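By letter and in written order, the chains are A, B, C, D and E; residue numbering begins at 1 in each of them.
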Amino acid sequence: ADPLKVAAYPANPPWENKTESGAFEGFEVDIVNEIAKRMGTTADIEGMDFKALFVASAAGRVDMVISSLTITDERLQSQSFTQPYFEGALGVGVKEDSGITSLEGLKGKVIGTVATSFPEKYLAEHKDQIGFAENKSYDTTANMLTDLQNGRIDAVVNDVVGLRYAFGQMKGLKVGAEIVTGEKFAIMMPKGSDKLQKANDIISEMKKDGTLPKMYEKWMGVAPAPGSFAVTPMPVPTSAN
Amino acid sequence: MNALEIFFNPDIAARAFPILLRGLGMTLLLGVTAIVFGTLLGLAIALVRLFAPLPFRLLAAGYTDVMRALPVLVVLILIYYALPFAGIVFSSFTAAAVALSLVLGAYSAEVMRAGIQSVPHGQFEAASSLGLGFVRSMQKVVLPQAIRLVIPPQASNCVSIIKDTSLASVVAMSDLLKQATDAQALFANPTPLMVAALIYLAILWPLVRLTGWLEHHLQRAYQR
Amino acid sequence: MNALEIFFNPDIAARAFPILLRGLGMTLLLGVTAIVFGTLLGLAIALVRLFAPLPFRLLAAGYTDVMRALPVLVVLILIYYALPFAGIVFSSFTAAAVALSLVLGAYSAEVMRAGIQSVPHGQFEAASSLGLGFVRSMQKVVLPQAIRLVIPPQASNCVSIIKDTSLASVVAMSDLLKQATDAQALFANPTPLMVAALIYLAILWPLVRLTGWLEHHLQRAYQR
Amino acid sequence: MEAAVDIRNLDKWFGKLHVLKGINLGVASGERIVVCGPSGSGKSTLIRCINGLEEYQAGSIDVDGMRVQKKSKTITAIRSEVGMVFQHFNLFPHLTVLENCTLAPVYVRGLKPKEAEDLAMHFLAKVKIPEQARKYPGQLSGGQQQRVAIARSLCMRPRIMLFDEPTSALDPEMIKEVLDTMIALATEGMTMLCVTHEMGFARKVADRIVFMDHGEIVEQAPPAEFFTSPASARARQFLDQLLRH
Amino acid sequence: MEAAVDIRNLDKWFGKLHVLKGINLGVASGERIVVCGPSGSGKSTLIRCINGLEEYQAGSIDVDGMRVQKKSKTITAIRSEVGMVFQHFNLFPHLTVLENCTLAPVYVRGLKPKEAEDLAMHFLAKVKIPEQARKYPGQLSGGQQQRVAIARSLCMRPRIMLFDEPTSALDPEMIKEVLDTMIALATEGMTMLCVTHEMGFARKVADRIVFMDHGEIVEQAPPAEFFTSPASARARQFLDQLLRH
């Protein structure tokens, strides 16, 4: 069979990340590699800008997209998703000395998010409630975090796991607050892909036979909670809830 | 779904249009800012290069050369990402405006230098002989004559700079192009990009034609 | 830590250098590809614009106008992000090469058209009278005479296109600029960017000077 | 006598301007014709029609029995039968004199470069400038350039030569050397159709003088007759003006 | 009599070229001097030094008692005392004739625009072209342009006028109208230093003729004496050549 064409955002550890040698590694990388193996082929992963991921999938340029993508109703209109395998939460990344410790602390502040990401949409929907001054959208996480360090923005909102991981490397930044959103991370595929059902079945298997929970533990440092998405097989989602 | 519905989906076009218009506003504001400051900077550099003491002349020559040799995007990224290490943090808009002005300044300087040099030396001498000082001679005698020769190539420089405003999207400024790519990702449809391209065309095509026309009709020696 | 240590940290420069060299390779490869195809395309368009039947002539004129009115980055993004919806999927390199070639083609066409038009009509007539066909007349009589006038402005077009290779970084191609910004993020230090800027300067400054020289020495009517 | 050129009822317009009006002209093989007439009378246009540099709208032109039509296949064949010499020489400035002469023989006739060079040297000797073969046109005087242009045409071994005011762009000192070359050609029996106002030349070599005015052939006569007693008032007036200068 | 211009031991070099060699020349107020000499003898350079358009390296020039030094404060004062008329007029092509004349009075003398215009019209009437005031220089003949240039200088009410071959770029028909204007000026008592080869003019108005050669003043004499019996061989030779043309 042809190799599985996978698009990934190349700088999103621990989900997926390009190493110095140019190979991909990460939690979702392990998942798609295993799916490919069980389909009797290999995964061919290509790095793209975050915005380009949606275009690639919508245009049928790739078979799968991994990038800690949240299932949303809007995305379901033009894309398909497999069942979720992780319950995400948003983190508010700030400078260590900023004193921001909650969502309320963002009032009047300039916030950064990645363009077209779930957090960007979340902030747009909660703009009045939070009362932030401005939301700047970035093409890459690296640029966004650089600007946070430079002080061009006061805070960033992104997937909390990724932020924690990044702040392990970058000095002077921390996660100031966590926002529980109940968002579900899954693999995105072209709408109505003929590989969708097969991929979903394999994920169910991986959850049942313990492969997926093991990968979870390897990358997140803790075992998944019982009853969490990482261990519960589910059907192909038709809505965000 | 046929090609037209994909690339010019009227529904998406309608929803994307207000988003794009906001971006267009930023693009135009940036373009005008860069043109104003870049042109003034260019005039200053041209005057330094022609009339200042030698070390300053060399500095000005080096500046124009470096700015014409560096890609605009590199200048922009240096200003946006490298300067903060020296404690200078510009907003996207300021960074883009500074970068474009610096670059336009270099190109304008070349054009203006040529324009001023094309005014016959006898004009300076006649002005001096009448007792006019350097500044007055420039203002009343030399520059008004140089301007005819300067306008066409400077118009073409301005068109280039307006096109280069699209680079601001790279440093997260919400200009027309950035709004369009974001909207394209949002709607998972290329219509916003196509509409943005048409907006660029609508602004720039007439300007390109105007530049050609100016070259034909204005770039001759002064005569009546 | 003083400014020099921040902006030109020798240790980081040494570590970043191999990474940047890889990017430089891509940049040069992209530049050369675009120049080769862009120049050929330009020649074809110029010939169509001068000698083809009217509808083709108008098409060619429209093409050059549109390409000169659109920002290069917009062309690149259309090709990279919009074409996939039509099932045409290019890699970053191909997309960038196509975009730059298309743009250079338009600018080259203008330059070559002017060059060919500057060859006196009598030269075509003499060639025809001797029985030479259109292709041979072009190849042996007209183009060799046009080329002297074409080289200087085309050199300047090529410099622009080499500068524009930096735009490929926007569609995730690992060119010199992209490697530099990535390395800057990796080392949290602006040195890689500064080194990259110096590399651009080292390549482009001589070219800019050469262009000026060519304009001075070659762009005159043919004479011996 | 076979007709080298046969022009019948030729009409040509430039847009709305009727520049050739029902021209009939036969040129026999070996015949030497001088065409004259006031400026704008259509002389250049007429001879440019003969080798297809201009299209015509009505009537016909046959050269060696082949119909002249701009977009037809025979045009190349016709053009290699018909040599043309222009007022402004139109040498190729980027090629040496020798290369000017060998270009068409090599690429149209398919000669080997060596053969073409021998041929070129032969004709350059004939026009008396073999020693200039390696120079570029820009290094020669006007008279020399025009002689190169004649040699270049001859290298295609044409059966008919057309000249369009070949001496009118030359300084007076150089006119003679070009006319001498043309007289030598005529003496060898070349069919020639020559637009010129050099009446000395016409008197000496022309079999017939064709006088044109306003796109029409007003009068044709042997030179002796034409110069002494022109039939038409227009020709008389033209000759008067010519002599007064 | 007070000295309007006092030049002492003036030396000037262009790089290594010694163009003025120890010039001594005094011009009294109201005096009219014509400077002549072969091309390259330094005539233009001498009068350009007087209003500071050229720097000099040794010696001194005083105008109305003020030392001429290019970077000094007095240079503006000197320049508004000294009018200069150039060979090529150097009118400002983007300004009307009137604007040419009012520019310096307004910005240097500080006149009100209305006053400056009245003054300009006065002098334009004097040079006999008040009706051209609203035209641009490009619309005038050479002679008219030079007269405008003279009027423009006069509007600064200078005490001394310098002329550098004011008629040598003019067609013969126009020389007279400019010379007449200069003669009228001389008649009114203006101090004039005039480089010209118009010997008729020199004879009529000059108090003294200064003959230069190779950067030196070779001879000074009233015109009657200079033209009839020049003292130096070089002046004789120069006059011979001038008359032969």
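By our rule, a residue touches a chain if its C-beta (ideal position, glycine included) is under 8 Å from a C-beta of that chain, and two chains touch if they have at least 3 such contacts.
Which protein is which chain? UniProt says B, C = Amino acid ABC transporter permease; D, E = Amino acid ABC transporter ATP-binding protein.
Given the structure is predicted, the values throughout are model-derived calculations rather than measurements.
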Query raised in the report: Looking at the contacts, which chains touch chain A and chain B alike?
Result: C
Query raised in the report: Going by the contact rule set out at the top, which chains touch both chain C and chain E?
Result: B
Query - Number of hops, chain D to chain E, where each hop joins two touching chains - result: 3
Query raised in the report: Between chain B and chain D, what's the gap in Å when you average each chain's C-alpha atoms?
Result: 57
Query - Between chain E and chain B, distance of the C-alpha-averaged centres to the nearest whole Å - result: 47
Report summary line: Distance between the CA centroids of chain B and chain C (whole Å) is 20
Query - Between chain A and chain E, centroid-to-centroid distance (C-alpha), Å - result: 85
Query - chain A residues counted as touching two or more neighbouring chains - result: 51-52, 55, 58, 143, 146
Requested in this report: Give the residues of chain C that touch two or more other chains, as numbers and ranges in rising order.
Outcome: 81, 85
Report task. Please list all residues of chain E that touch 2 or more other chains. Result -> none
Query raised in the report: Which two-chain combinations qualify as touching?
Result: A-B, A-C, B-C, B-E, C-D
Query raised in the report: For the complex, which residues does chain B have touching chain C?
Result: 3, 6-7, 65-66, 68-74, 77-78, 81-82, 85-86, 163-167, 169-170, 177, 181, 184, 189-190, 193-194, 196-197, 200-201, 204-205, 207-209
Query raised in the report: Which of the residues in chain B end up touching chain A in this complex?
Result: 81, 84, 89, 91-92, 170-172, 174, 178, 181-182, 184-190
Query raised in the report: What residues on chain C touch chain A, complex-wise?
Result: 80-81, 84-85, 87, 89, 171-172, 182, 185, 188
Report summary line: Given the complex, residues on chain D that touch chain C span 51-53, 76, 79-80, 82-84, 86, 88, 90-94, 103-104, 107-108, 136, 138-139, 152-153, 156
Report summary line: Per the touch rule, the chain C residues reaching chain D in their complex are 120, 122-123, 125-133, 136, 140-141, 144-145, 222-224
